[in-house]
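In the two complexes that follow, chain A is the common piece, with chain B as its partner first and chain C second.
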Partner chain A sequence: MGRYHYIFPKWSNLLLPMMILGGAIAPLYVVMVVAYGFSPLTTDVGFQPQQPVPFSHKLHAGDMGIDCRYCHNTVEFTNHAAIPPTQTCMNCHTQIQKDSSQIEPLLNSYITGMPMQWQRVHDLPDFVYFSHSAHVNRGVSCVSCHGRIDRMEIVTQMKTLSMGWCLECHRAPEQHLRDPDLVTQLGWGIDRSLEQMIEDGSFWRQQNNLNPSQDCSTCHR
Partner chain B sequence: MSTIIIDNTFEDPFRRAPLVLGHDNFTSVTEEICYVNEAPRPPKAWYVAFFISSALATFLVVLIGYLFVAGVGVWGNQNPVMWGFPIVNFVFWVGIGHAGTLISAILFLFRQRWRTGINRFAEAMTIFAVICAGMFPGIHIGRVWLAYWLFPIPNQMEMWPQFRSPLLWDVFAVGTYFTVSLLFWYTGMIPDLATLRDRANTKLKAMSYGILALGWRGSNRHWHRYERAYLLLAALATPLVLSVHSVVSFDFAVSQVPGWHTTIFPPYFVTGAIFSGFAMVMTLAIPARELWGLKNFITMRHLENMTKVILLTGTIVGFAYSMEFFIAWYSGSLYEKFAFINRAFGQYSWAYWIMVSCNVLTPQIFWFKKARSSIPIMFVASLLVNVGMWFERFVIVITSLSQDYLPSSWGYFTPTWVDIWMLIGSFGLFMTLFLLFIRFLPVIAIAEVKGVMPQAHVGHGHDHHLEDEQ
Partner chain C sequence: MTKWFVSISLLLVCLAMIPPALIARQRAVTFTKPRIHIIQDMDAQLKFKAQNPNTLFNDGRSMRPPLEGVIARGDLMEDAHFYKGVINDEWATTFPGRMPVTLDLVRRGQERFNIFCQPCHGIAGYGDGIVNLRAMRLMDAPLLGNGTTWVQPKSVHEEAIREQPVGQIFNSITNGVRNMSGYASQVPTEDRWAIVAYVKALQRSQHARETDLHARERAGLGDPIDRRPRSDEGGGE
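Moving on to the complex of A and B:
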């Protein structure tokens, strides 16, 4: 026997209940971490920046029924869906509501030639190459990614835009496919069941021979 | 304590060969083994070895830092040989790690009682070898900050490792092997840690060993549960001996590369692993028993048994080499045939013939009793086997990759200085861990080795020494 006969001190008995307690708390911790991961704090869902003028998509696209492509005119031809220049707004606003104080910044921009400082809502990371034309021309509606813009006073981010969210559709795109002529009809299909949407989507998938790629290099070039 | 060396290598069916020499009671056994840890200073050679190996290990860490900053271009890995040294070293070290579990688990289940002398440090060697092995694929992935992608962790990208790829199976196989080996090693050590705790002469030592010994008191109930746990772990570890290197061999065999795509790979790799593992145990055991006077526990009989395992597995490996050639010819596949003729007579033929002479020819000397009882011959042979087994992996990885189907993409692999020093550095890391283990943990399973002494079987009607009963 050595001089120091070490055995566990009495307080070390406490370790057992503490470990049991820790084991009991662990599931709660996991739930909280996962909930935080899905919460808007991490995903940016609900992002709603203040715009320089209170432009209402509900009024323009919804109530008045202006087609998305009137303003976002490059969406069918390029990767990027263009933000319209002030001149596009002034096509109408030289005639309509031209004295409203709400569009004063717009008039200033028109006179000075300085562009409007619109705040970007849907922003993908720079290492992602997303093509609007590739999706829109194949029958993926605006609503699938942007939600019911035609009902929004102020545009809000509705989807997570995460990679997993992209892949969900690339793996099973049917319910988001429709006749390419109807992509800007945001309310189309609202009266249909999911099964009907999938059935219709399967038809268009076959019709247009759509096989969305899941390779890394499709989006990360 | 006496140190009379008697020859215990005889094969007499009427007389059980003693496995512990020079001791007739348990106290002196404890004293002698614990002296390795309790001596005020380790032998001078320990300091020299520790200085060299820790310097090499530190250099390895520096090189890994350089690799992280500069990228994998510091290695010789280049089209078409993208695996290069890191994977050669990985397979080499995983192979070394096989003897530990074989000795601990399989020999335990087969009641090979001579394992008690060498199992503890064979297991330690396993742990350290797997650490060295695991490091190489870890740094080989290029973007080390994404190393967690190796594991199937749920993530917002909904991206998973390729479950059909043996590279993922490898992660599981090596991970399981490391975990089980570590548990097995630690479980076996608990009674001995308690021995060191009770003999400790400083408070720090008493507390450290005390915590590690988990409150072991040596009661009947403790022993009962301990032996149950040990048996269960042995049963769990046994399939792992076969599975780990089989899965490692799938990394090659599942691919289509000529020279890799063969069904012989799993058994051939497992045998090679046991072969190299035993050689490494021998390389470590011979100096260790000289330096710390452990000749009473790691006796000539132990060493001779190991030479027999090396002879057997080395011959099987040689058979596998010739079978590869036979199948290459028998398959009628142009590419297979080329791959093997190229191995033996192509641009890497030097490596191939180093491999054959070290792995197949060297062990054949152990047919002779003289070689099996000569320490210098054993030591040199075990070193040569280590060299040969490293070159085996070099030959497999490099020759097949450098010249596969398309002559237009053929190349010649040249390692850089970083490659070579990382290999040397991994030996430094391995030896550093091993030297620390020798100094601070019980090198020989004290409790178990007592069980193979005749004094443990008093009253069983053998020719034991009744006067030694305590």
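Moving on to the complex of A and C:
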């Protein structure tokens, strides 16, 4: 036995079990990271783009209680819930705080006729068909899809807007249904338990004969 | 076990913690940067949806405003009574034939009034809505006010407005009056007539007379003079 013979130290016996362990964990790890990392809960929820005017829903819709439909006035009639034109803001702001630096871009837009560059927050892929009126007139409240907008200083995306999310509700809409007259009352039902909501929703489902479709052609047309 | 082996393993484990930590953070915070979608599919197609700017035109609108003098089909508005509240150049005193005044119409009007008018005119139409209160407060505090100049919304119960024919109120809503802007672009014509019906009902409600009641209900009113508290209610003596 010369001194140049290499002898594996004793701890190297541990290498094999450790490699097996690592080999088992690594794929699991990669799958988890990809699944969680690329889930819309990570990539989409929480999106809060910078708006040209720091318009606060908390102030206007929450504290002052202006109804959503005062500004998003097409929401009951069409697919698209219009972002209000400058004129709508100017119903009040030709007089209120008209020298404020925050209002200035509005005034410029009003004078020049150039539209405000509001950034889209919620954006479905263009191959999806969505309709606001179909939901709002049948008693699905804004809060089910947009969260407590009336408490937001800046609008933030709260739901994934993924296909799984749409289908989850289309399969069992009860807990999201209410009297169609109450859809813009975002705080309604906050004091109720889930069972009560479902019971109430079942009533409205029967009343309005609602059967949300899960056919592909409903949303991909 | 040698030191270097242990430290490399520990380092790897630590490095492996970084992506989950980043993901957990991304889930907890809000962000202003555009969303990242690696697989684009046909998410953004070459078509104009609302709020997509159009680089062809200076103002960026993809929906072009109609040229001056252009009238779309169905937008001619020949029926002056229905669209303008005018009959033979006089304010109409009646509702248009296609808008019969029913309880449903008044209910619709109530809902629309509470959406579009209540912020300024108040729930009962006295001109004391929350926007009015806020604006008054801003006027009193010049530093916060930032140039607020506010004319108080008229109470719809004023003598002069109670006597206005329905056509004139319709016109006020459609085209605005002095400091109030018009609501033609926000409220469809039918709904504007519904609001007029509700305003009329509101005005009536605040100036109701005993003779407006059914004989049956009037009987229940009792003697108007006898309003002293009954002995069982306790007078606080």
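One rule holds in what follows: the second predicted complex is superposed on the first by the 185 of 221 C-alpha atoms of A that agree within 3 Å, B and C clash if a C-alpha of one lies under 4 Å from a C-alpha of the other, contacts with A are read in each partner's own complex, and residues count from 1 in each chain.
What we mean here is this: contacts are C-beta pairs under 8 Å (C-beta built on N, C-alpha and C of every residue); 3 or more make two chains touch, one makes a residue touch a chain.
From a predicted model like this one, the values you see are computed outputs, not experimental measurements.
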{"item": "Touched partner set for A:164, first chain B, second chain C, both or neither", "value": "first"}
{"item": "Partner chain in contact with A:5 - chain B first, chain C second, else both or neither", "value": "first"}
{"item": "Partner chain in contact with A:37 - chain B first, chain C second, else both or neither", "value": "both"}
{"item": "Chain touching more of chain A, residue-wise (chain B, chain C)", "value": "C"}
{"item": "Contact residues common to both interfaces of chain A (with chain B and with chain C)", "value": "37, 43"}
{"item": "For the chain B and chain A complex, residues of the former touching the latter", "value": "155-159, 197-203, 205-207, 209-211, 215, 217"}
{"item": "For the chain A and chain B complex, residues of the former touching the latter", "value": "1-8, 37, 43, 160, 162-164, 167-168"}
{"item": "Complex interface listing, chain A residues touching chain C", "value": "9, 11, 14, 18, 29, 32-33, 36-38, 41-50, 64-67, 69-70, 73, 77, 80, 82-83, 85, 87-88, 90-92, 94-100, 103, 113-115, 117-118, 120, 125-127, 156, 181"}
{"item": "Residue ranges of chain C in contact with chain A within the complex", "value": "1-2, 5, 9, 16, 19-20, 23, 26-27, 29-32, 34-38, 41-45, 47, 49-51, 53, 59-61, 111, 114-116, 119-120, 130-131, 134-135, 138, 145-151, 179, 181, 185-188"}
